[in-house]
């Protein structure tokens, strides 16, 4: 996955495993969020700052395709790429990779919109040009 | 455990197990909450109604002593008893029991206070006598 | 969603909400699993019995499209339909609906395979014809 | 809290908050585990290595007393101290502290035993003297 975005690392916790002995599939959806929030923060788009301004960015859709299993205390890297940012919507692609072996654990996608302090779907481009500039910059494909 | 309170049932979910093949210990704390909310609701103390009035009842302390292990798809009963209700504070005792065998899975306790809409510790006795009557009634030990 | 399968009910727990005041999106993936296991059990395909025979059915892929928000202590219905069962793979479609209003909370899909006691992808049709008969019966579209 | 043990840091995740806008109380129990596993690993007691040898260390009891609330994206430090190690049982005390302000979020305790590969309660002192040496060293109070 090609991306200029920072990479997020997660250490697999005991409570994330299930009786199959591997990570429960629902946790990858949570790791996508962990990574998204971390990456946003690193590039100047703090969730907390945005929510303090009244902006929320709900998940409109999410998907995940599982390839191999993560085990307890593995370190995984979550890599993101922004796709198809329109000023109103943002799609993100994910790849979770075992840090030690490089093996791909899963790939995924999420779709997001932005809700204004008034509770309406909002154009980031129009209302928050400084955030728009960042999202546009990292969505560019060369 | 002697108590006039209704009993809550929970079916153990796959995602609640861990790689030891049994329920992760943190989930019992969540089942205490599930049971507490269910029981409150059944006796006329809806959490949602209370929160709509601005009252929240945070957990001040919790403890759990594990006896035996719950497994996937077991049905457990969570039994509650109110202890030492003072009008301001409420202590709850718990017993989680396997429904099929009656084996005790764990015992526990939680302590609660009540926060008023103004964000201060509140006397339920003084501010919400109708809730106080219910809590008093079920805290009585004969 | 048309389906002969039983409907699963879930009561939204406090710990399933997040600071937006609604259910965290990752929990719907868990509810899909809760519903799947419940429905399988009701139609004679007990996960626990299957796992005791050494069969596991991992999630190969999952997706969810969020429409509206579930709130604390709502009761939701999770409806399933089996799609495209091949004897080797099973696709399941989901609809989560608010029980009180009928409003659709989300729709989703999951893909499953079956792993034999020897750890290999397995044809249920060939190895477990009694399970195959059930899956085939409920996958039929009239 | 005085301790020679390394300190564990955790960044509060979105999915760890609840509709009160703060971290759900059950997550502190999980953070205790995260910290315990991290600290064990750093001092030469890898959970994964132990479990590969067939040793498991279940939680016998846990308790937590909540002081103040953690918020989304706060960094907390989890500090541990080993107490009352007997060769057979280990007690651990915890303090969760906001990294930025030093404010104590909660204090807690957990009790542990060790189960041998044969499934029996085990004396670490007798069976795994190298692990015993480490636990003894860090349990010493000066």
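Letters A, B, C and D mark the chains as written, and numbering starts fresh at 1 in each.
Just so we're on the same page, a residue touches a chain if its C-beta (ideal position, glycine included) is under 8 Å from a C-beta of that chain, and two chains touch if they have at least 3 such contacts.
Keep in mind it's a predicted model, so treat the numbers as computed, not measured.
Colleague: Enter the minimum step count from subunit B to subunit D; a value of 1 means the two chains touch.
Modeller: When the steps are counted carefully, the minimum from subunit B to subunit D is 1.
Colleague: Let me check something: if the centre of a chain is the mean of its CA atoms, which chain is farthest from subunit C?
Modeller: Measuring from the centre of subunit C, the most distant chain centre belongs to D.
Colleague: Which whole number of Å gives the spacing of the CA centres of subunit A and subunit C?
Modeller: A distance of 25 Å separates the two centres.
Colleague: Find the geometric centre of each of subunit C and subunit D from their Cα atoms only, then give the gap between the two centres in Å, rounded to an integer.
Modeller: Chain centres of subunit C and subunit D, defined by C-alpha means, are spaced 35 Å apart.
Colleague: Using the average of all C-alpha atoms in each chain as its centre, how far is it in Å between subunit A and subunit D?
Modeller: Centres of subunit A and subunit D (C-alpha means) sit 29 Å apart.
Colleague: Considering subunit B alone, which of its residues make contact with at least two other chains?
Modeller: Only 14-15, 26, 30, 33, 72 qualify.
Colleague: Would you pull the subunit D residues touching subunit C in the complex into a rising list?
Modeller: Going through subunit D, the ones touching subunit C are 14-15, 17-19, 21-22, 24, 26, 72.
Colleague: Tell me, which parts of subunit D touch subunit B in their complex?
Modeller: 20, 25-27, 29-30, 33, 56, 58-66
Colleague: Under the touch definition given earlier, write down the residues of subunit A that touch subunit D in their complex.
Modeller: Those in contact with subunit D are residues 11, 13-15, 30, 33-34, 37-38, 41, 46-48, 51, 72-73.
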